[in-house]
Each structure stands twice: as structure tokens, then as C-alpha cells.
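Note that chain A is present in both complexes that follow, paired respectively with chain B and with chain C.
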Partner chain A sequence: MRWEVFRQDKRGDYHKHCGDIHAPDREMATLFAQIQHGRRMTTNSLWVVPSDEVTEIDTEDTAFGGRTDKAYRWATTYNVDASFAKEVEDSEKEQAAVERERGATASEGEGDD
Partner chain B sequence: MDIDAVKARAGPREFGPADDMPEEYRKAATRMLQFHANSEIMGAYLEKPFIRKSPSIDRKLAFSAKVQDEIGHGQLLYRAAEALGVKTREEMLDELGRGDGKFLNCFHYEMTDWWETPMIAFFVDGAAMKRQATLKQSSWTPYAHAMDKICFEEGFHVKHGEDIMRELASGSRKEQRLLQEAFDTWWPRILQFFGPTDDKSTHHDFAADVGLKTMTNDELRNQFLNAYVPKARKYGLEIPDEPRIRYHEDRDHYEVVEDDLDWDEFFAIAKNEYPEGLDQINGRASAREAVEWARESLDASDSGMPGAAVAAGSD
Partner chain C sequence: MGDLRSLADLSDEERTAAEALLFRLADDEFVLAERYTEWQVIAPTLESDLALSNIAQDELGHARVWYDALNRIGHTEQSLVWERDPGSFRHSTLVELPFEEGDWADAIVRSYLYDVAEDLRLDAVAESGVHELVDPIEKLRSEEEYHLQHAQQWLERLCDDADGLDHVQDATDRLFEHALTLWVPGPEAAAIEEYGLRGDSLASMRRQWLDTVGSFLESLGVTMPLDPEDDPADHRPAAVGRDGSHTDHWPRLHDDLTETYRELDRSDVRRLRGESA
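Up next is the complex of A and B:
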């Protein structure tokens, strides 16, 4: 039986997928997860989940964020200065970084066609 | 864990569902989160009519996206609250429906005209974002995690709100006048957003001691005024003479003369007894009732759950 392992580096962080393991039952799975994924990297906690219980949906199945131009929902669209408040500026920067990433992925996709 | 241990360990993202938290902590965190989640929902309902009333297709799309975001924020926060094990999401939504759920003062007022929208979409959202950014440091990890996503999205809301204000402020004389009138009406409410001064706030001490929040109402209000008063002036808005605010240059501090604010109204609102607020609560309760059938049909088809396929097949 296959299990997916999610590791949290330190208290308060997000659990991030770090790999999978084989184990016959839950108890053995927690043991193997520790040995394989929890020993070398800093680890505060592991989530161990039967792979069958993980449902995946990917870009083949759906268009995340839709197919139409949704510029209106990005902070970067509005031509007013965000620097007056750090939290607004931070949010705009985070959004700009995601937009760049999305743009890069989209143009890669076009190249493949 | 007892309260002393919690206070000793209190820090950003220190506690989560795996920790055995004392009842006092779980109740205080539930109160904060439920208030916050309710406010997201009630704020969305206040702005919802402007999807229809928007003067252009761009504004319509933006308001529709924003309302959708706010409902999503409510859902995230009810989940973070539920994880404390005090109340279920269903219970919290029922309380909101029957007028027992508390939410932000500004969302108890009617908003009817387009030129009022920047008061919520820029000033109130801006004030909320100030507070929310500090809650990324909350000791309840699910709360802090919800804030990561919410703050990511809020930048769009505040900038969109400012964009509407910019448009009105550089529009016709009539638009400028209506914007100023809306500001005169909303400004005292916005000043009350952060609640009464620290010495009158009842819940702060404990919430601060256990790390649920990291800043006082006064600190947040001062930071808000430092950033947003210059913005208001930039768009030609005159700050009303009353309530008086006095800027102390030596300590970069805005003093708000609290006696100029209507605290009877504020506390009536806090008890859900203000007439306009009751209209908002009842309006939302009817909307919720109207889609009861949709929730019931979802409950009836739980076939996506592990093991449910067998049960469905055996029916």
C-alpha cells in the first residue's frame, strides 16, 4: 500500500508534500515516513495519508482561474499607489509575483502546442 | 496545557488543532474568529447590490469578484474557528441568522449609493487589512494561515476601492460633492472601526497575553490614520471638524477625541440592536433561508466521501 507524506519543518508552518512510501498499515506507515522523510530534514510534524484518499485535479482537467481575461481581480490592474500602506504594497507584490509565474506557465504551454 | 503554559509559550503560529488547548483559550479564539468570519459575510452582503448597481462592466466584474472573495474569506475563517472545537460552522451561521452573531460596526449601516462604495471598499477594507496583517502573527495557526490567503487577496480590494474614489474625486463637481457627503457620514463610523480606546476594551488583555492578537486597538487606529488621512486629503476630501482628531507631531500620533463619537450607537450596534443593522441581519437570514434547498440537496448527495459509494449503491 502506498502513502503520501507531508512534512512540516517547524511549528506553525504549512505541511508540504515531500514524497511517498510503501507500508502495509497505518502504524508501519508512520514509522517508515519518519525513517524516510523525517530524519534528515528539520521536522516538527508529518502527515501520512493513504495515496488512494488523495484526489487530484490538474490543468488537463480544468482551467484554474478560468479562461477569460480576469485582469479586474488583480491589484496590479489599478493605477493607484499602494506604497502608502505596507500591507497593501505587500499584497500587490505577492500578486505581481504570481501573475509573472502564471504568465510564464501560459507561454510555456503555448510553445508546446 | 494550562493557561500559564499557554501564556509562557504564546507566540506567532505556536498552537494548532493537535495541541490540547484550555477552554478559555479556545473560547477567546472562537469569539475572535466568529466575529471576523461573520464580518466577512455581512460585508459581502453589503456590497452585493453593487454588482447590479455598478456604472460599468469593469466595476461590475470587480465587485462580483470581490464579493466572491469575501464569502470565501468567511468560509476560511469558519473553518479555522471550527478547529477549536467550541462551535460548528452550522451553529455559527445559525447564530448569525437569528441575530446573535456579532460583526463589525460598519457593516450594520445601509449603503445605498455608488459614491458611498469607497467608504467600505477603500477605508473600511483598508482598516481591516491593517488589522489582518498583524493577525498573520496570531498564536492560533489556522487563523494565521487563513490570513496568508486573505491578505494576498485584499490588495486588490483596497486598490479597487481607491480607484473608484479617484474616479469620483476627479469627476464632476456633483460627484465630488456626493463623495464628500458620503465621507462626512461614514468617517465617524470608520473611526469607531477599531473600537473604544484600550482602557475600555474588555477582551484585549487576555487575547494579547495568549498571542491571539499582537496589537492594541489604539496602535492599529493610529497606523490606519497615519496612512489613510493623507490619502483622503490627496483626493480633496475635507476631514470633518467633528469628531476632532489632533495630530501630535512629536510622537507621530493621532489623538481621537472619543467624546465626539456616538458610543451609545456603537454599543447598540455591538448588541445587534441598531435598526439598520437588524435590516442587514434579517436580509441575510432570508437570503440564507431561500437557498436552504440547495444545502439540503448537497447533504443528500454525500457520495464523494470515502465509503459513501457503497452506501449510495445500497439505497
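Up next is the complex of A and C:
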């Protein structure tokens, strides 16, 4: 039986997928996961989930975020000095990076047409 | 425990006793780790391979702790391992036996019998009143807990299957008398007790160990090779390890593990960067 393992570096962080393991049951899975995925990296916590229990939905199933123009969603559309709050500033930067990437993908797409 | 003493503060007699105790502890861990590593790459699954290798690394870490304490009272890396006569190693014969070819139950039963003993032994050492013996125990325990869980969970699953149970029974029959040597007194046994370096006697720990492993194994359908009224001394193998007598497997293993040292004509040993370096 296969299990997906998610590792959290430190308290409060997100659990990030770090790989899988094979184990006959939940108890053995937690035993093996500790060694395989929590031994070398700093680890605060692991989530161990039966692979079957993970439901996937991908770009073939849906258009993530829709297709029409929704520029009003993006924080970067608004001219706000966000330096007063680090989390807002971070969020803006993250958004800008996503947009740059989206732009690159879009123009690649256009080139292909 | 505010009144711990250091090895350096002990009288000569006390220190000699502490030294004998440290050799028992260190040699058990070192030789067991050496044997465990034989499973690397050939364990039943990748996961079990990594788990046992990790346990081997833990045991090597524990050997390092006890050898370091011996280092502090005048022993060197060479005299502790590389140039030491195999006949002066004090480990139990349980840890030196080769595994029955490809028999995973052998590794699991051995680990179970050993780890229950280690648990009791650490309790006793925690009462020694000596810094170098007491200080590392908490760290060691946090790793030992995993070893015991690992062995128990495997045993439960192996014994759930008729073929698996046969293998566990065979391994128990084969290993049990050697496991009893974990409790055989060695040099300085009387002094170790007299100076209070061991919080519990070997006989008392053996009783507790027999109770624990007996009830667990029997609950899984394993027949104990020893009746409750049997005298464990009647089940003692020809070589017991603790007094320097060993099975023929030990000199061979010792030869293997020191081969590179000899081949490269080494006379000094470099320590890898450690936590204390």
C-alpha cells in the first residue's frame, strides 16, 4: 500500500509534499515515514496519507481561476504602498511573480498559434 | 540529581568498575550495529532497509557515547576498537551471531530481545550517580523508543501469518540462550554492584526481562524456550561473551571490521567531525 508524506519544517509552516512510502498499514507507515522523510531534514511534523485518499483535479478537469479577465482580483492592479505590512508586501511580490510567469506562458502559447 | 560525580572523581577501584560497565555497554552496541548493517540493500523492502540501517546508526551513536567516556579515562580509538584483542571484547554473544541466511525474523527477534534489555539496562545505569553514564541517557532513550516500536510492530505482523510465526519461533529458539548472556556477570560484577553503578541487579533485570519478553511473545503465539521454573543458568551457551569467551563468529567479524585498518597499515585514527568537535 502506498502513502503520501508531507513534511513541515517548523511549527506554523505548511506541510509540503516530500515523497511517498510503501507500508502495509497506518502504524508501519508512520514508523517508516519518520526514517525516510524526517531523518535528514529539519522536521517538526509529518502527515502520512493513504495515496488513494488524495483526490486530484487538474487542468484537464477544470479551468483554474476561469478564463475571462478578472484583473480586479490581482493585488498588483491597485496602487497601494504596501510597505506598512510585510505580509501584504510579500503577497504582492508573490502575485507579481505569478503574473510574470503567466505572461511568459501566455506569449509562448501565442507563438505556437 | 545534583550530586553526580565525574569518572575523574572516582576512586581507582570505582573507576575500574565503571570501566568494566562501560565496556559491556559499548561493545554490545558496537557489535550489534556492525551486524545490523549486513541487512543494508538486502532487507525485504526499501522501507525496512532504511529503518534497520537507521537503527544501526543509532546503535553506533550509542557505542560512540560509551567509548567517548572510556576515551576520557585514558583509552584511545586504537585501543578501544582497531587494535584491541577480540578476546577482550565484552559484548553478549547475542549480538555477534551471524543472521540466519536471509531470515528477517532473525533480525527482528534479535532486535526485540536486545531492545527490551537495553531499556532495563538504561534505567539501571541512570542510577549510577556518574555524569558520563547518566548524562547521555535521555538522548539514548529517545532513540530506543523507536527501536522497540519497530521490533514489536514487525513481530505482531510476522506472527499474524503461519509461515512468519514459524520463522519467529525458530529465531527465538535459536537466539534465546544467547540473549540470556546479556545478563551474565562479567569482570568487576561485584564491584559494580557494591559501588552502586548499576541501580538494579543483573538477576532482577533478567527476571523483569523474562517477564516482559515472555508475555509479549506468548501473546503472539510463540512458545518460550524456557519454562518459568527453569533456572536460566541451565540455558547458558558455551560462550557467554561477558568474560571474553565468544563464539567462532566473533573473531571472524572482528577480522572483517578491522581489515581496512590493517590493510592500509594504519596506526592513527582520525575522528570525523562530531557534535562535540
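Just so it is clear, the second predicted complex is superposed on the first by the 89 of 113 C-alpha atoms of A that agree within 3 Å, B and C clash if a C-alpha of one lies under 4 Å from a C-alpha of the other, contacts with A are read in each partner's own complex, and residues count from 1 in each chain.
Note that contacts are C-beta pairs under 8 Å (C-beta built on N, C-alpha and C of every residue); 3 or more make two chains touch, one makes a residue touch a chain.
All values reported here derive from a predicted model rather than from experimental measurement.
Participant: According to the stated criteria, A:S45 is in contact with first (chain B), second (chain C), both, or neither; which is it?
Facilitator: Only chain B is touched by A:S45; chain C is not.
Participant: Examine A:E60 and indicate which partner it touches, taking first as chain B and second as chain C; both and neither are also allowed.
Facilitator: neither
Participant: Which partner reaches more residues of chain A, chain B or chain C?
Facilitator: Of the two chains, more chain A residues are contacted by B.
Participant: Pick one for A:A23: touches chain B only (first), chain C only (second), both, or neither.
Facilitator: Once the two structures are laid over each other on A, A:A23 reaches chain C alone.
Participant: Is A:L31 touching the first partner chain B, the second partner chain C, both, or neither of them?
Facilitator: In the superposition, A:L31 contacts chain C only.
Participant: Across the two complexes, find the residues of chain A that touch chain B and also touch chain C.
Facilitator: Shared contact residues on chain A: none.
Participant: Quick check: in the complex, which residue numbers of chain C touch chain A?
Facilitator: Residues 45-48, 50-51, 54, 146, 149-150, 153, 157.
Participant: Give the list of chain A residues in touch with chain C in this complex.
Facilitator: Chain A reaches chain C through residues 21-24, 27-28, 31-32, 34-36, 39.
Participant: Considering the complex alone, what residue numbers of chain B touch chain A?
Facilitator: Result: residues 12-14, 16, 18, 58, 61-62, 65-66, 69, 126, 129-130, 132-133, 141, 144-145, 151-156, 158-160, 162-163, 166, 227-228, 230-231, 306 of chain B touch chain A.
Participant: Touching residues of chain A toward chain B in the complex: what are they?
Facilitator: For chain A paired with chain B, touching residues are 11-14, 45, 53, 70, 72-75, 77-80, 82, 84-92, 94-95.
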